[in-house]
């Protein structure tokens, strides 16, 4: 259990920069999830922390101690691989005890700790089996068990659930959360699945193209995303985005007019984000946007309505209970202004209250102003 | 034998070479009868306790190249067993050392002049590079039963008669007449037979030009005539076509053919004949054989065969020339031939005349008297091995119909004269 | 794959240096020596004195030599092309045969797989000895053919223009077929079953399934195997030399035997080296081809 | 799946029976073709002449084996076994090291190094004999185990590396990393994790190397002249004298030379098959 600090860490493979100046703190006992689309560098980030990849720039501190040049084995971390990476030629017991054996622990101590970990994960009956004789879920447990046995300061998980089927994944997710609570250890967890991120994390780190997008608690990311990417990535179904422009505090587009927003700027490229669950379907003629329905998916407790606004923007709305809608039916939506998030042309969040959307920073050209005036 | 070598092996593995206080020399012997030689060497060691001789052996086909490579790089065995025609080329390449001083200081059984084929061992400057050891020649061996079955009462004495006899036997008995290996590899017999044919008719491939050099002693037409003569034996001429793929006078198709009575006439050296006789006797259990050897047919110049054999040379790199020479002295001594090497004919005229070869071998003894040395063939420009190889290749190409006799002969002639001209 | 970092250098060197040092000693120094020799008139007999520099004379000589064209033809056509083609086809046929349902039901599959190993375990020198006996005038083939009345006179299989190459190829094929067959067998075992089922659903018959499913699946293996066979046979001197000694005449002379004959029988080391360098040059071209199309594809992960 | 391509519904049963019989007959013929020469050697080695059919009466005998044993063949066997085993061990160990570096690390000139390994497989050995002979003579390596082992290691190293790289590709890199996380040093990773996993590949590779060396003739001929140093192929050639060939002994020596390879092959049969695919020539 310890703290980890990344200070302007960067990594490149040859000429390709994979991580750019990542700085963050991970405190003792936190469950941190690194999330992002594939190729965003999240696995590389985990592997630099593990010591499997040397870093190109910046520094990495473990409990305040720089570990840039400390080899993986000496960092006191344990890792659970996506492929589980169990040694096929060793039994479950040997797999779990291997690190201790390498460290030269006495046999009795190895047995004790392996047994303890096996008990936590209910692996005792499997100890003498070989990995090929285990199911996917069991292998997964063994991989975790192997990490537990080492009693590491930090657990690293590299997409550990991606090889499991959906039902099992949900189950293990809960168990992992439980495990974290019991062990109280720091855990760093990489996934591309935002549901896993939301359910597991104390703190989520969103990465895209090697850049840190936002760090924060799941609720922060959900409610107060810093940019379009985070807003779109977190939450399911995805947030709706409606392009348009902002003029004197009012959002204008062919399909939607809403406001006022407490933002002192005129801007041609502005996007409004609204979560599907914040949209409500209202009586025809009473809404502020009209939706042409493509399909309605009934999920039991709710129905997801997919459709297009008059400017062809794809929209998903959530309606409670069962709602029968024909394709091409037209319905009216209420998109409440107070739930709308504004993003500027760079995709950055424009927050109404703190004045982050200052005109100077975001001044449209004269030509653009003309367009704004006319839109 | 095995036990002995095994123990030597173990001893040398365990002790290395440190224990040897005596002089060690290596004798490379390349023929059969290894047991005979090893027994003789043991006797030599007993008589010379200060000398330890190791006998090593490599296949005869590889012997020449291997020794040259080793000696020219500064290694190789001390005493080496080589063909009659190699000493000059090896001496001139500085692989062998001149023996003149050793011979004049220590002497050799009945004097060096008593040895046959002196010209093959002495360079123009007078250096003697090897001592002739054993001698032999090739001649024809016959199955007398098959001959009489075909109504032939005498061994053919002239080349056309031989061809006639072969054809007759084949027609009369359906068996092979004169079956010889007509293959193209360098170990075939066509080289010997062609040269015998040419010599008997007064030609020679290479002759002295009288001015210290060498020249061709034959015309392409005469070469072609020889090619055609031997080609006439193929098929209905009595030599089965399958012998085109046979490249050795000791090939089973020939030796077994003779033994089983499927072939009437063969061409071979004494060692092969002897082993053939042994096999026949052990298979039939009878001492009597239907075989006889007779001299090769004559042409305008008589029936001439080559005086072949093996000689002993001393490596120019040896650190123990005196000891090596003592081994050579011993191996050429009368006692050695009387007691040990009874299957080979000695290369000394005095010893040769005193040996009784038995009735079947009579032809060889007679033929040996009509043998000639290779003489001018053994010059530095035309290694015999290479001429031998070219002969087989050219004759083979003609035989299988790739090219005509004239073209094959011309190619051959150009190759050899090209070598001489270099 | 671990990217190159200075901290790994020591380990990487420790892994590579011993092997590459040995290989350099074994290949590069002798090859250089050979290259130099090819520009001299060195013979074995003049080794003490050393050869004279003759420039590209040896290369000019060998290009002018009429026999050299035959050598190139024999090597390229018979050894490289025909022998490879035969082995690919026979190897494929045999693999299909062993893999086939009737053979499995007849309980022959295991026996066949054992039988395949027999030629493989036989050293080439032994293989040649046996087959020469079979091809002999009184050998097995002549006896069988005579008894069957196919021929009336014994045939010199290894001494006849018409039969010598087929006979040689038979020896080579017998001795080296196992590798080809086993490779195809292994590839057949990885045939995706569902593809067959899909083809069956599409109404494909046995022949169509073979052409549309089996063959495409085996195609990459065939390419790799074909290239390897060409390489192995091209350099192999044992079969031709021991079976026919490049004869009859020089009818079966190939590059490798030409190098051997010039170097070890005629002692013309310079000329022999030149022929050897021609071989190296051909192999370099072939090697580049092989590397580009096979090795670097097989191992793109490590490149 | 049958090769016979008969698909007429009416005649199908009839045709397929004929087809099956045909296929099985073909298979039997193929087995005969493959096995006959080897059977011939072993039978011939126990017959009085080396050629059973032309022998007329078949007399069984051990004389041929007695002959080869009297001609130092046991020493040749020892030499062959010793040289080949030591060379195989060294070669395989070096090949594992090189293959590991190739498959797990990036380093400068890697492509070139790998290309040179590929080319090493193609190199015509016949041109190396004379230069190596000169080199060996100067280094005192003629007639030595060291010299032959050096030769054989180098002869089979390129192919071994090539094969092992193929096998290593099948060992997931995650395992190396897991071992690194578990505290293994680089050497421990290779010895404790990678090596046990690629054991089948190593066995297959070592078998190939062994065969290559076991049957090698050219280098042995040039570099081994002392009788007590010769290997089996050379010993075999010794029975081809210039004036006489002892065919019985040749057959016995052939059998003795073939048998060890056969004994090595049969138990490894299945491994070798997988070896061919996943190793050098995976499609």
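Letters A, B, C and D mark the chains as written, and numbering starts fresh at 1 in each.
The rule is short, and it goes like this: contacts are C-beta pairs under 8 Å (C-beta built on N, C-alpha and C of every residue); 3 or more make two chains touch, one makes a residue touch a chain.
What you are looking at is a predicted structure, and each value in this text was computed from that prediction instead of being measured.
Traced through touching neighbours, the fewest hops from chain A to chain D number 1.
Chain pairs B-D and C-D differ in how many C-beta pairs are in contact, and the one with more is C-D.
The greatest centre-to-centre distance from chain A, using averaged C-alpha positions, is reached by B. Between the CA-based centres of chain B and chain D the separation comes to 38 Å, rounded to the whole angstrom. Inter-chain centre distance (chain A to chain C, centres taken as mean C-alpha positions): 57 Å.
The mean-CA centres of chain C and chain D are about 15 angstrom from one another, to the nearest whole unit. The distance from the centre of chain A to the centre of chain B, each centre being the mean of the chain's C-alpha atoms, comes to 91 Å. Within chain B, contacts with two or more other chains are made by residues 69, 73, 252, 256.
For chain D, residues that reach two or more other chains under the stated contact definition are 50-51, 54, 130, 134, 237. Contact of a single residue of chain C with at least two other chains is seen at positions 3, 138.
Listed in rising order, the residues of chain C touching chain D in the complex are 1-4, 8-9, 11-12, 14-16, 18-20, 22-23, 25-27, 29-31, 33-34, 37, 93-94, 96-103, 106, 108, 111-127, 129-131, 133-134, 138, 140, 143, 174, 177-179, 182-183, 185-187, 190, 196, 205-207, 209-210, 214, 218, 220-221, 224-225, 228, 231, 234-235, 237-238, 255-256, 259-260, 263, 269, 272-273, 276-277, 279-280, 283-284, 286-287, 290-291, 295-296, 298-299, 301-303.
Every residue of chain C that touches chain B in the complex is listed here, in rising order: 44-48, 135-138, 142, 153-161, 164, 244-251, 261, 264-267. For chain B in complex with chain D, the residues that touch the partner chain are 1-2, 5-6, 8-9, 12, 26, 28, 31-32, 34-35, 54-62, 66, 69-70, 73-75, 77, 187, 248-252, 256, 260, 268-269, 271-272, 275.
Interface residues of chain D facing chain B in the complex, by the touch rule stated above, are 49-51, 54, 56, 69-72, 74-75, 78, 130, 133-134, 137-138, 142, 221-222, 225-228, 234, 237-238, 240-245, 247. Here chain D touches chain A in the complex through residues 172, 174-175, 177-185, 188, 192-193, 196-197, going by the rule given at the top.
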